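These notes are about the structure you will find just below.
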Amino acid sequence: MATVKLGFIVKSLPYKTEASRLALTHAIASQTVEIYLEDGDMVEPVVAFIGDGVLNCLKNQKAMNMYGVTSLEQHLKNSLLLDMRVLICKEDMEKLGLSEDALIMDAEDIGGETKANIAPFSEIMKEMDSTNHLLFF
Amino acid sequence: MATVKLGFIVKSLPYKTEASRLALTHAIASQTVEIYLEDGDMVEPVVAFIGDGVLNCLKNQKAMNMYGVTSLEQHLKNSLLLDMRVLICKEDMEKLGLSEDALIMDAEDIGGETKANIAPFSEIMKEMDSTNHLLFF
Amino acid sequence: MRLGVIVSDFRNMDETLSRLKADKLGVIFVSNGVYHTATKEGGKKSPLLEKSPNMYVLTEDLQSRGFSEVQIDSRVKPVTYSDLVDVIFNDYDKTIWI
Amino acid sequence: MRLGVIVSDFRNMDETLSRLKADKLGVIFVSNGVYHTATKEGGKKSPLLEKSPNMYVLTEDLQSRGFSEVQIDSRVKPVTYSDLVDVIFNDYDKTIWI
Amino acid sequence: MGKLTIGVFSSLVGSLSLDFAVKLADAAIKKGHKVDMWVSGNATMLSKKGQRAFKDYSALEKKLHEMFASGSFQATACEACAEARGFHKEDTMEGWKRHSMDWYLASTFSADRVLHIGGD
Amino acid sequence: MGKLTIGVFSSLVGSLSLDFAVKLADAAIKKGHKVDMWVSGNATMLSKKGQRAFKDYSALEKKLHEMFASGSFQATACEACAEARGFHKEDTMEGWKRHSMDWYLASTFSADRVLHIGGD
């Protein structure tokens, strides 16, 4: 019985590359990883947005209407619906002039109960310290 | 009877992406373009390295020995062998501390007669002005 | 030369853009370039907005990323793909993608 | 945490690298990251060379780009792919690619 | 009405740069222009047939078929770039041609405007 | 001896990031480690069979076959990412498996070290 904690750290902007999308889809895949593991073993993802990566968290992304692709907004809501721990870097939000109102902080509209956390980088660094492995996107 | 002049402007570093390699292979393809054109019509390429792109022009690239891929050095020599006009931005060389000695300035070792030109950006800008179309890599 | 420059990313665009000289220079923000038109960094607007009096932003890319036209700098003109075709054919002799 | 950071590019690396805190921080220059070890810009060495006392550069990537080991900053240790495997397994708990 | 040649180089499936190229080409055709499209490097992936539509990826095949049907659109993939990636002639989406790089240069010869989309 | 899991994401054929991953994996195997490799996004191109060797591209297929033959190497491509690009089961290079994304996470569970190569 063990839990391996993985840190998915997103510093890339959305859409130009697939990096941030793949971070979330892989983190979400933790839901089905047990089929490969012994009973009781699990993989626990934590997702943190840092640097320009915080721009993935903006509300009202119309990528589906404009380009027919799932928005990062939708992926982030799906992550929160699954009660994933999501951190958004406070200093980077402030640097880019983003208020909490502008960001996706919950998935209430699709029935989610978990909220995203705005956290200073020092807390994100502690979270990284506590993981078994770190994956930067 | 017309000549269309194309400017291939290389600002990307080599190897991480294919951009600079594709600039030179496409410029070299001007040699065979007549098969598609009327007699006397031609496409004339000029290649300019600017910004970090000047690092494509360093001598002694061992990409073939290390990774089994043709080096940008070889592509650049092939371009000079075909008497292509090649410009290297003087200000960017100076900024990155590169001397003429460090750069591929000719293809004499494979029988080439044309030399690369170190030119201030203002001259490269004039060259760009004189092209029919500009392609940035 | 009338030169249209398509700015396709948020970082490392200024060095190339600042050096280009043209009788008429246009700047067209697309892809992640749209962040220049709608975000501030450290309270300041993007220095790219000072480079030209002729600026455009692709509305499809703006909206995909969560912005609406009311949020962009007033000097920047929102354009659709259809408008952009006219900009390329009518307003500039050459268009480059950086 | 002993953290190894693989720096894989020349531009935009400092912002991420500078924020990372670890009991032991290592910096491994690969791909276009090797330019940090062998070029100067405006006469100055890369600020990344000040970030850690534990620095490595992948010789295969250095040589591919036209540099030899004598040209690199003396604080940086040249390593092969084989050495890098040992660095990852023995010297750091986690290794990230930026 | 004019001719626009669009070259798409290292842009990727999963980025929106290929989408940009296709949407711009489509808008130009709808305005009565002719469009040539050249894909090289990793962008040759656009010419691969049998791409399955997923919601995480824009599906460009249907749009491309419409554009081919307009009679104002040609699209050609770099043959060597495709072969290097294991895309052979029989893997090519209907409507696409494959040529060597000189095709792109020849297309620019008669183009009124060229948009070269480089980048990653 | 340990286990290294390498994930390669958006890296491209024609860049040297895939080469980096393969060379590092090979060096680890030669030192007696076990290596799992996961390719996702555009990196799934690495698992495509029938890639023709050109001098402008490193030919990785032969090296991969040697690594599979070592018995210490597994390589798996993201199934959905491959299908979206038109790479189907029958297009997959010998030795490669295809799974959903949870395979990568499961591989990290028992890994001593994980190297995730993201970027473009």
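Per-chain numbering from 1; labels A, B, C, D, E and F assigned in written order.
Here is the rule we go by: a contact is a pair of C-beta atoms (placed from the backbone, for glycine too) under 8 Å apart; a residue touches a chain by one contact, two chains touch by 3 or more.
Note that the coordinates shown come from a computational prediction; the quantities given were computed from them, not determined experimentally.
Asks: Quick one: how many steps at least from chain E to chain F, stepping chain to touching chain?
Replies: 1
Asks: Averaging each chain's C-alpha atoms to get its centre, pick out the one most distant from chain F.
Replies: C
Asks: Measure off the straight-line distance from the CA centroid of chain A to the CA centroid of chain F, and report it in whole Å.
Replies: A distance of 25 Å separates the two centres.
Asks: Where the CA atoms of chain B average out and where those of chain D average out, how many Å apart are those spots?
Replies: Chain centres of chain B and chain D, defined by C-alpha means, are spaced 29 Å apart.
Asks: Would you mind pulling out the distance in Å between where the CA atoms of chain C average out and where those of chain D do?
Replies: Roughly 35 Å separates the two chain centres.
Asks: Which positions in chain B touch two or more other chains at once?
Replies: Only 15-18, 25, 67, 133-136 qualify.
Asks: Got the chain F residues that touch at least 2 other chains?
Replies: 10, 12, 14, 16-17, 41-42, 56-57, 113-114, 116, 118-120
Asks: Could you list the positions in chain D whose residues touch two or more of the other chains?
Replies: As it turns out, chain D has residues touching two or more other chains at 8-9, 11, 31, 60-61, 64, 94, 96-97.
Asks: Chain contact topology under the given definition, line, ring, star, complete or other?
Replies: It is other, because the touches fit no line, ring, star or complete pattern.
Asks: Every pair of chains that touch: which are they?
Replies: Every touching chain pair, ordered by label, is A-C, A-D, A-E, A-F, B-C, B-D, B-E, B-F, C-D, C-E, D-F, E-F.
Asks: Applying the document's contact rule, which stretches of chain E touch chain C when the two form their complex?
Replies: Per the stated touch rule, the residues are 2, 4, 16-17, 20, 23-24, 26-28, 30-31, 33, 112-119.
Asks: Can you list the residues on chain A that touch chain C in the complex?
Replies: Its residues touching chain C are 13-16, 52, 55, 58-63, 65-67, 71, 73, 95-98, 102.
Asks: Within their complex, state which residues of chain C touch chain A.
Replies: The touching residues are 8-11, 31-32, 35, 39-43, 60-61, 63-68.
Asks: Where on chain E does chain B make contact in their complex?
Replies: Those in contact with chain B are residues 7, 9-10, 40-42, 100-106, 108-109, 111, 113-114, 116, 118-120.
Asks: Show which residues of chain C lie in contact with chain E when the two form their complex.
Replies: Touching chain E from chain C are residues 6, 8-9, 30-31, 60-61, 64, 80-82, 84-86, 88-89, 94-97.
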